[in-house]
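First chain A sits with chain B, and in the next complex the same chain sits with chain C.
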Partner chain A sequence: MTLKKWLLVLALLAPGLGLIVGLIGVAVYIAVAQSFGYYNLSGESGFSLDFWSDMLARKVFNRAVVYSIYVGVISSVLAVMLAYPLAIWLRKPFPGSLTIGAILKAPLLVHGLVAAFLFINVIAYHGILNQFMQGLGIWDAPKRLQNDRAAIGVIILQVWKQMPFALLLLTGAVQSISDDVLNAARDLGAGGFARFRKVIAPLTVSAMQAALIIIFIGALADFSFQVIAGPTNRQSLSQLMVFFKSGGRWNDAAVVGVSLMIIAILGSGLLAAVTRMTMRGRLA
Partner chain B sequence: MGGISARNLRMEFDGFVAVRDVSFEVASGEFVTLLGPSGCGKTTLLKMISGFLTPTAGDILLAGRDVTRTPPEKRDTALCFQSYALFPHLTVMENLEFGLRQKRVAAADRKERLDAVIGNLDLSLHLSKLPNQLSGGQQQRVALGRALVMRPSVILFDEPLSNLDAKLRDQVRIEIRRIQRDFGLTAIYVTHDQAEALAMSDRVFVMNGGRIEQSDTPEDLYGAPKTSFVADFIGNANVLDAEVKSVNGAGIVELSTPIGLLRAACSGRPQGSKIRICWRPEHANLAATGENRLSARVTHRAFQGHFTDLHLNEGGADYRVQTNMPGIREGDTIAFSLRPDQIVLLETVA
Partner chain C sequence: MIAAHRFNQILLALLLGLTAVWLVVPFTMAILWSLVDPSEPWTADRLVPPVMSFYRWQDMWENSSLKVALVNSYLLAPSAAIAALMLSMPTAFALGRIRFPGREVAKILALLPLIVPPFVTSIFFTSLLYQLGLNTWRFGAILFAHAIVFMPYAIRIMTVSFEQVRSDHIDAARDLGASPWARWKVAYLPALKPGIFASLLIVFIQSIEEFAIAFIVGSPDFTTIPTLLYGTLGQDFVRPNAAVLSLILVVPNVLLMLILERLLKSANPALSSGKG
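The block that comes next holds the complex of A and B.
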């Protein structure tokens, strides 16, 4: 391409992609620079590794890293695991399938905060679930379900919110597999699970990777579900970042923010690689 | 190996009857073709035999065992799909051994079966390729190989040559028949191409409207069709309405037709007085030396290489004859004769 054409392409991309790259680029630059001591709003600015070394030595930070990875991985894997059978079920249209598909995708339209508050109402100490279980005689007394230590509430909310997105990606991929290919596998002796393992999953691996990565990043950086329904004895990385920022410790917040970005990139790469390797093992 | 037996098979889809009370027997090692126009029920019948459709009524027996409700993965059949249906993410070798691994065939046996098929189908140079790196003919051979390594009792073909060009189709057709014979397989082959059906089959089942209209050897089907549909569908035929005038003791029936009085050979007495008859265009003898001498004006002429197709009109009826005399032109009046044994009596007309 000539220089003129390159300039034309760049000019065309500038209003959309250019703005995004520009804004994200500035934010990333500021965050990285602050994590190394620059743009210090409460002290002297200058290159320093102190913020990183202090943060890495903090127990609360390391717990937040483990906790966020735990929520991110479990939520993404569960959402994809739930979305697959639904995508296969909805692969062929049947009476009512459009309505079912629309209902399943409805959580995409509900704001996370609204969902979190609804969920809290359901599992609260005097909430519907406790009343229901007591009414059935299964529980003698109400149980404390809110803000559980294993973050099951957060994971439920993440899966509820993110599964439709995985479904959206996987439905298209599953629909693109021809009937003949699936019938051929069946004709050659493959049962339902073998067809999934050896044909459907390998042929939809790209959609699976995309769903896992996008959901992982979203859940890893979750703030609203964690604040409302998460455990009170540990913080997610985004919660920790907001905590530092609220205290005016911008450089510490930047270290957490950059850590979050690094974990998101490495985690996504790892998830993609693991998925690909698992599928490769299933091919033969 | 085993044969196939179908008893009163019926398939309905929301009130639409796709297959109507079909019964047939296919002997072990026999090559049978289901032939018919689009929508006649041939693929539905094949899907019932392969297990992808469960019949609304009737039974299917493979090697004497009732498999009517047995799912495809548990049937001893292998299906070659029209689209080949190769697994696009697997190499040729992985495609070939897919079924063997599913059935947990021992490694030594697997190798022996694969070697035999790879050698037979000349696939050794392509084993590490993906399907999208193969030509149509090569893909077809892989699909065939994938079915053959399973050593099924019955192999089923769903229009496997329809995506190939004419020359390749001829080659693969011969190859399929050779392999079917070599492996002693019972084969059911679906096609709407009558030339393919006649060239390949031990027997042909001609289907129409969900029924088997006639099942016969290719020679009998062509030489002695039982209905005007079969006569018209298999090759070219001149089908005419006729009225029976008389039947003599020598098995000759005298018929009044729109093109004149004809004498036809008949083994028994026709079922009714109004019937349909047919004769093949190539049976017209333009030397006009025998019985049933007729003359007609040529309305259209089409040179076909080794013969010339002549469209004729006489008494308001259009029909055609074939000749190897290319000198005849449109507008000419020609004379020809027909042997009584070449005129076939078909169904009665209500």
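The block that comes next holds the complex of A and C.
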């Protein structure tokens, strides 16, 4: 490539890719710098590890870390576990399979806040679920289901919203497995579950990793589901970051933000590695 | 085979039933709640609200910041869509039509905004605005952020579109003496059209729905429909009002998404360039 061509490419990339890398790069840079005491908006700026050491000693921070990881891992694993059988079922078109695909993908079109509202409406104290269970005589009195302590509500919402996404990725991967491979496995005496374990899962491991990681990062960084449907005695990392920011404590917010990014990267790497290792064990 | 067919039918019925519960019940509840007339409350012992009217819709229209939020959202989204498309075009051209070392890395880097958690981007973008003293023009700041954060979609779609422009069409136009502008019009534009519409639509939808940036950069006085809905779900939670806002947010998007799906299906180079 000539110098002239390089300059042309760079000039073409500048307004698009350049701005993207610039904005995200600056945002991440400011987060890291503020977490070490630079760019202080109130008071003196300068290098300091105090914000990190103070934050790491805070109970509310450590609880938020554990809680966010819990929601992230459970939601991503559950969404992928639910999406797999559906993807395999929809591998071959049959009458009605298109409709089913469309209905299953519908939550992708529903805004997260709307989903949260619909959900708390259904599980409200006098909501339809409580009335239904009472009507059946299973529950004697209405139960308080909203903002439950184990964050089951948040996880249900995450799975409802993210499972279609996992389904989208896995359907493509499962459809690309040829019939010959599956028939060969069947002829060799592999049952349904063995075919999944030894053929389908190893061959679709990349899509599985992608789905797990993207859903994990989304659920880890969740704000709106947590605020509306989550337990009131716990905070997610995003919620904690917003809390510090609205109090004008930018440096503390920065520490939480940087932690969130580090956990996202480490967690994704770990999820990918665990998936691959499990599959390798099965391949052998 | 017959057993498998029967099995599929049973599964189908089960699943349709489940999704009816999954989608139809929640939305029906929301519609009913939005119709509750304040003259008589909807108590737990009744299946449907005792008195139904459009009072809540009218009330929200007249006495809340709904109008302002609608104007903001529907000004912001098309502006962000056009800005994102314009900014993405040169990059997409380079990624789609020029072979250069590092092209794959550039393609991955373009996805950055989708990987960094939205609240991290928005909080430290706000911090940057404060450092620069630019935190007062909220509309401009949100527009700028939306255009960049949703540009990856436009870059992805437009890169594929640029790849699909046929070189023989460009060469033919040049051989026939077409000026650069005429070449663009006859060789590029027909192949790019579905991609352009799809990019505009997807950024539009993303911007209408975007919450983190609008909430952090816009607070406290700039409202969009999602931030207004968030406010209604928070401290002053009035169920019927939240129902009205939810429906206003969700219905246009479903329609737009259906159009988008059509567009993406029609994004076929053979069809769009008029030749097989």
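Assume the second predicted complex is superposed on the first by the 268 of 284 C-alpha atoms of A that agree within 3 Å, B and C clash if a C-alpha of one lies under 4 Å from a C-alpha of the other, contacts with A are read in each partner's own complex, and residues count from 1 in each chain.
Quick note on the criterion: a residue touches a chain if its C-beta (ideal position, glycine included) is under 8 Å from a C-beta of that chain, and two chains touch if they have at least 3 such contacts.
The shown structure was predicted, so the numbers you read here are calculated from the model rather than taken from an experiment.
Superposition note: with chain A as the common reference, chain B and chain C can be accommodated side by side.
In the superposed model, A:Leu113 lies in contact with chain C only, and not with chain B.
Once the two complexes are laid on top of each other via chain A, the angle at chain A between chain B and chain C, using C-alpha centres, comes to 90°, given in steps of 10.
After overlaying the two complexes on the shared chain, residue contacts for A:Leu270 are found with neither chain B nor chain C. In the superposition on chain A, A:Ile152 makes contact with neither chain B nor chain C. Touch criterion not met for A:Leu168: it reaches neither chain B nor chain C.
Once the two complexes are overlaid on the shared chain, A:Ala194 sits against chain B while remaining clear of chain C. Here chain B and chain C are compared by how many residues of chain A each touches, and C touches more.
In the overlay built on the shared chain, the residue A:Asn183 is in contact with chain B alone; chain C does not reach it. Residue contacts after overlaying the shared chain place A:Ile69 against neither chain B nor chain C.
The gap separating chain B from chain C in the superposed three-chain model is 6 Å, by closest C-alpha atoms.
Put simply, chain A uses no single residue to touch chain B in one complex and chain C in the other.
Taken together, the chain B residues at the contact with chain A in this complex read 50, 52, 71-74, 77-79, 81-83, 85-90, 94, 97-99, 101-103, 146, 150. Chain C makes touch with chain A in their complex at residues 8, 11-12, 15-16, 19, 22-23, 25-27, 29-30, 33, 43-44, 87-94, 98, 100-101, 106, 109-110, 112-113, 115-121, 123-128, 130-131, 145, 148-149, 151-152, 155, 209, 211-212, 216, 219, 226, 229-230, 233-234, 239, 242-243, 246, 249-250, 253-254, 257.
Those residues of chain A whose C-beta lies close enough to touch chain C in the complex are 1, 5-6, 8-9, 11-17, 19-21, 23-24, 26-28, 30-31, 34, 39, 41, 89, 94, 96, 100, 103-104, 106-107, 109-114, 116-119, 121-122, 126-128, 131, 142, 160, 217, 220-221, 223-224, 227-228, 238, 241-242, 245-246, 250, 253-254, 257, 260-261, 264. Residues of chain A touching chain B in their complex: 178, 180-181, 183-191, 194, 198-199, 202-203, 283-284.
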